[in-house]
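Read through the structures below before going on.
Heads up, the next two complexes both have chain A, just with different partners, chain B and then chain C.
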Partner chain A sequence: MKLLTLNFLTCAIKSCKSTPASFPLHPRDAELEIVEADLNILFLKNILPRLMWDELRVIGSELGLPELPSTPPTREDLVEPSTTAIAAPTSDGTRDAGEEEEEEIPTQTAKDLHRVLLETCIKEGKLVCGNCGHEYKVLEGVANFLLPGHLV
Partner chain B sequence: MSRPEDTLPPDLFYNDTESRKYTTSSRIQKIQSSMTHRALSLLSLRSPSLILDVGCGSGLSGEILSQTADEGTPGGPHIWIGFDISSSMLGVALEKEVEGDLFLADAGQGVPFRPGTFDAAISISAIQWLCNAESSEESPAGRLSRFFGGLYASLRRGGRAVCQFYPKNDEQKKMVSQAAVKAGFGAGLLEDDMGTKNAKVYLVLTVGGGDLDGDITGVVRGMDGVDVMDARRKAARKRGEEQKGSKQWILRKKDQMEKKGRVVKASSKYTGRKRRVQF
Partner chain C sequence: MPDYLVRLVQMHESFRKAELQALADVAGIKIEFVRYDEDSPFCIIRLPSDSAAKTVISRGILSQGIYELWGQGSTYDELHASVKEISQPRWKKYEQTPFRFTLDGYRGTKSQAEQRTVIESFSYLNFQGPIRMRDADATFRVFEDYDTHALTPKYLYLGRFVASSGRDAKTTYDLKKRHYISTTSMDAELALLTANIALAAPGKLFYDPFMGTGGFPLACSHFGTIVCGSDIDGRSIRGTGGSARKGQTGKMDVNGNFKQYGLESRYLGAFISDLTNTPLRILQHSNMAGDGYLDGIVCDPPYGIREGLKVLGSREKLNVEERETHLNRFQESTYIPPKRPYSFTAILDDILAFAAATLVEEGRLSMWMPTANDEDIELAIPTHPCLEIVSVCVQPFNKWSRRLLTYRRLSGSQIPPGALDMVKKEYEKGVKADDLNDFRRKYFQGFKEFERLRQETDTPEKLDDTKGISGKWREKSTSG
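The block that comes next holds the complex of A and B.
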C-alpha cells in the first residue's frame, strides 16, 4: 500500500468517525518495499493541495524514513522554472517552439515527493487506529478492512 | 440464467475457480472494458486524478484507469485505489501486478477515507451485491445508505461517481437510486440498449455543483435523443396563491377526484360561486 493511500485512510469503525485521532492510521511492524512507477507531474500537482503534510511527516518518522521538510512544497516547487516563459513570443515561429517545450521538467523536490508518496509501499504489517486501537492487518500490500458485524 | 447474487454472498461466490473464470473469460473482459470506457467518458476527467474503484475485483477496470491518454483513457494515467470483498479476486489482481492499491473491504460497511479524498469513483457490476443482506443484523437499505453516505463524504466537491450495476428489477433500481439521493448525491440513471437483453444501467452521481436545468448530473447535456425525466417535486406553491375553498381549489380537487376514477359532477359557471347575501 502506497504512503499516498495511507495519507487518506481513516479508521472504518463508526464511533471513530467523529474523532480526529482516527486519522492517520499508524503503521506498526511495517515491512517496506519500493515499487518503481512513472513520475506523473500533473497528478502530483493535482494531489498536492489535498495532502495532510503534518500527518505525512508523522507517518514518515514512524516508518523511519528520512525526515521530510517542515513545510509542504508548493506547485511551483515541482517544475523547473522554464526559460521559455521569459522570452515572449514575437512571431509564429518562436511560439511554436515554445509550445513544443511545454513538457514540464520535474525538480528534485517532485522526484522526492514521488518517491515517498507513490513508490514507497507497505508490504506487510499492521495499521493501528489512534483512537480505538483497532488493528488492520496488511498482507502482501492488501489491507484487511473487513469489520465484524458489531463494529459497523 | 440465474443471478449469482441470489445464490451466494460475493465473498463466497467469487472463490478461486470462479475468480479465475471471471478474469480469463475474454467475453467478460470485453464487456467490462467497454463498460469501463463508457463510465470514464461519463466521468469526463481532464487531468490525472485519484479514483476509487468500488468492487475492483481482479482489476479489470483498474488496468484501464492506469492507461495513458494515448491508450484511450481520457485524462490518464490515473492513480486508483480499489476495494473488493472477495479475497480470491484480489489474489488474481495481485498476480497480475495491477498498479492500484487494493483493500479487502465490504462496501456495505462504508468507505474508510477522509472527506474530499477522491476526484471520482467508478464501480463496474458491483453495487447490485449491496441489495442482499447475509445476516439478520444488517439490511439492504442500511448497507446501501452506509455505502453511499461514505462515498459522498469521500468525494471532493464537484466530483462524480459512475456505478454500472445489474438491477434485478425496477424496484431494486429505485432502491439504489433513492439511497444515493438520500445520501446527498445528484443522481441520474442512464440506460444503454434499454429493453434489450444486454441493457446496461449506469447510475451517475454528482457532488455539489449548481445551475443544471433539469439535468442534475450534467452528463447528457448536448447529447441527442435523450429524454430527461425529472420526477423531483417542483418548488412548493407560494402561500396564499390558492385559498382553500376558492373556485380554483374546488376545480383542482374535482380534477383530482376525476383522475382517481370517482364520479364527479360536471363543472359549470355556477361551480364554486358564492351565494348572494340573503338580507
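The block that comes next holds the complex of A and C.
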C-alpha cells in the first residue's frame, strides 16, 4: 500500500473514530519498498489540499523518511515557474486534461512529494491506533482492518 | 452550435444518453440533445465544435463515432434537399480533398450495385479529390435507418466523419484476456461505462469498497484516475499462487491485473475492510460539505446470491465466555473474524451515508443494484439528503434487472436545513440471509409472483424498456 492511503485511514473501531488520537495510524515494524511510478502533477495538485500535512509529517518521521517541510507546499510550488507563466491556473483540474497545454515541469518539491506519497509502499508491518492501541497487520502490502469478534 | 450525429451501438440502450451527458460533463463541454430515441442507434446532438465532438466521443463506450450532420430526411429526395440546404457552404472546403463515401444501414442492407447508385446520387457535391478507401482525409457516410423487416429505410442521414469512439477499450479489458478474475467480475464494457458515468478522469481519486478482483478500479484507472479499493475478503485482493487458465503460472492478484495493462502507477493499493466498520476517515457531521476527499465511488455491492452479503459481527450476540475466547485468540495468525449476513437495503443506505461523508462536492457515486422485474417486489431506489440522483440505467435480464444508480454529492448550501435529521430506518431483522435480503429470497423462489402476474395479465410484452423503474423515476426515464 502506498503511503498516501495512510492519509485517509483511521482506526476501524467506531468509538475510536471520534477521538483525534485515532488518526493517523502509526506504522510499526514496517518494511518499506520503493515502487517507481509515473509522476502525475495533476493528481498531486488535486490531492494537495486534501492532505493532512501535520499527520503526514508524523508518519514520515516515524518511518525514518527524510523530514517533510513544516508547512505544506502550495500548488505553485509543484511546477517550475518559467514554462507555466502563461498557463492558466485550473481550479478544479477537470478541464485541462484534453487541452493543449505546455508540458508542466515538476519541481524538486513535487518529485519529493511524489516519492513519499506514491512511490513509498508499506510491504509488511503493523498499523497501530494511537487511541486504543489496536494493531492492524499489513501482509504482502495489504492491510487488514477486519475487527475481531469482541470489538464489533 | 453545429449539429452532430452520433452513431451509437444498439445495446444497453438506457445507458447511452447518460454516458454522452457524462462525457460532456467530464470535459466541461455544453451538450444539447436534439434527437434521441431508445430504438435507434442514431442520435443528434449539438456541440460547440469538431474538437469538442472529438473530446466527447473519444472516451465513449456505447458509441462508434461522431459525424458532422450534413443532411437528413425520410426519403432520398428529402435528404438531398436537406444536404443542399444545410451543408452547401461546406462543399467547397472538400473539393480537392482525398475522400471516401460509404453506406451504413441499421436493420437493413443494400447490395453493392444499389449502394453505388446511392453514392453516385450525391455527385452534385462536386468532389474532385481522389477516392481513397484507406486513409482518406474526409469520410462521408450515408446512414439508413430501417424498421424491422422493412424494405425501404424510414430515415436517412448524411454525415462527415469527425472522430471514432473509445469502444476499443472494451476489447482491451475483455475479461477473457484478463489474468485474474472471479465469479462475479463485472463485464469490461459495463465497468468502463460505469467509470465514464461516474466521471473518472485524470487527477481524480476513486475508491471501490467492494473491489473483489479490482475490475472497477481498473476501468477507472484506464481513464487516468488514481484508484484504491477494499474488500471484506482479503483472498480476492492478495490472489492465489496459480491460475486455472492454461499457460498461466505464478501469482495472480489485483496488482498483477494493473501490471497487465501497465496501470500500476495509478493504483494506490487495497486493504481488507468491511464498509460498516470502515477504517476510512469519516466526517462526524456529514452536513459539513467540503471535507470530503474522494472524487468518486464506484461499486457493485454483493447481492447475496452469487456473492454472500456479510459484514463483521456474529449472528447471535456473544456471551462473556465467547468474548473472552475472541479476546484471547484474535492475535493468532489463524484467527478469522466472525461475519454475519446483513440486510441488503441497509447496506445500500450505508453506502449512501459513506458516500455523503467522503465525497468532495460534485463527487459521484455510481453503484449497481439488482431488482425484480415486478413492481410489487421491486426494491426502491435508496436516497440520501446530501446526494442527488443523476441517472438510473437499467440492464434487464429475464426475471430481474440490475440498475446503475448514479448520485452527485451536493454542496452544503444545496442541502435543505433539517434534511439530515433523519429518522432511524427500520431494516429487515433476522439472522438468516433470506430474512435479511428480500431480493435473494425472491430470486431463489424463481420470482414466482412475477410469473403468476405475467400469466394473469397474459400480455407477455407488457414490460417495456422502463422495466425495473417505478415511481417518479419511471416518469423521468420515459419522458427523457
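Convention: the second predicted complex is superposed on the first by the 130 of 152 C-alpha atoms of A that agree within 3 Å, B and C clash if a C-alpha of one lies under 4 Å from a C-alpha of the other, contacts with A are read in each partner's own complex, and residues count from 1 in each chain.
Criterion: a contact is a pair of C-beta atoms (placed from the backbone, for glycine too) under 8 Å apart; a residue touches a chain by one contact, two chains touch by 3 or more.
Bear in mind that the values here come from a model prediction, so they are computed numbers and not experimental data.
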Checklist entry - Residues of chain A touched: more by chain B or chain C? => result C
Checklist entry - A:P148 contacts which: chain B (first), chain C (second), both, neither? => result second
Next on the checklist: With both complexes superposed on chain A, which partner does A:I47 reach: first (chain B), second (chain C), both or neither?
Outcome noted: both
Item to check | First, second, both or neither for A:K14, with chain B first and chain C second | outcome: both
Checklist entry - Regarding the shared-chain residue A:L4, is it in contact with chain B (first), chain C (second), both, or neither? => result both
Next on the checklist: Between chain B and chain C, whom does A:F23 touch in the aligned arrangement: first, second, both, or neither?
Outcome noted: both
Item to check | First (chain B), second (chain C), both or neither touched by A:E67 | outcome: neither
Checklist outcome for this item: The intersection of the chain A residues contacting chain B with those contacting chain C is 1-2, 4-5, 8-12, 14, 23, 37-38, 40, 42-43, 46-47, 50, 118, 140-147, 149, 152
Checklist outcome for this item: The residues of chain A that touch chain C in their complex are 1-2, 4-5, 8-14, 17-18, 23, 25, 35, 37-38, 40, 42-43, 45-47, 50, 93-95, 97-98, 118, 121, 136, 139-150, 152
Item to check | chain C residues within the chain A interface of the complex | outcome: 26-28, 55, 199, 201-205, 224, 226, 228, 230, 232, 234, 237-238, 255, 264-266, 268-274, 277-282, 284, 293, 295, 312-314, 318, 322-324, 326-327, 329-330, 335, 337-338, 360
Checklist entry - Which residues of chain B touch chain A in their complex? => result 47-50, 77-79, 81, 83, 85, 90, 94, 99, 101-106, 109-110, 112-114, 116-117, 119, 135, 137-138, 146, 156
Next on the checklist: Residue numbers of chain A touching chain B in their complex, please.
Outcome noted: 1-2, 4-5, 8-12, 14, 23, 37-38, 40, 42-43, 46-47, 50, 52, 118, 140-147, 149, 152
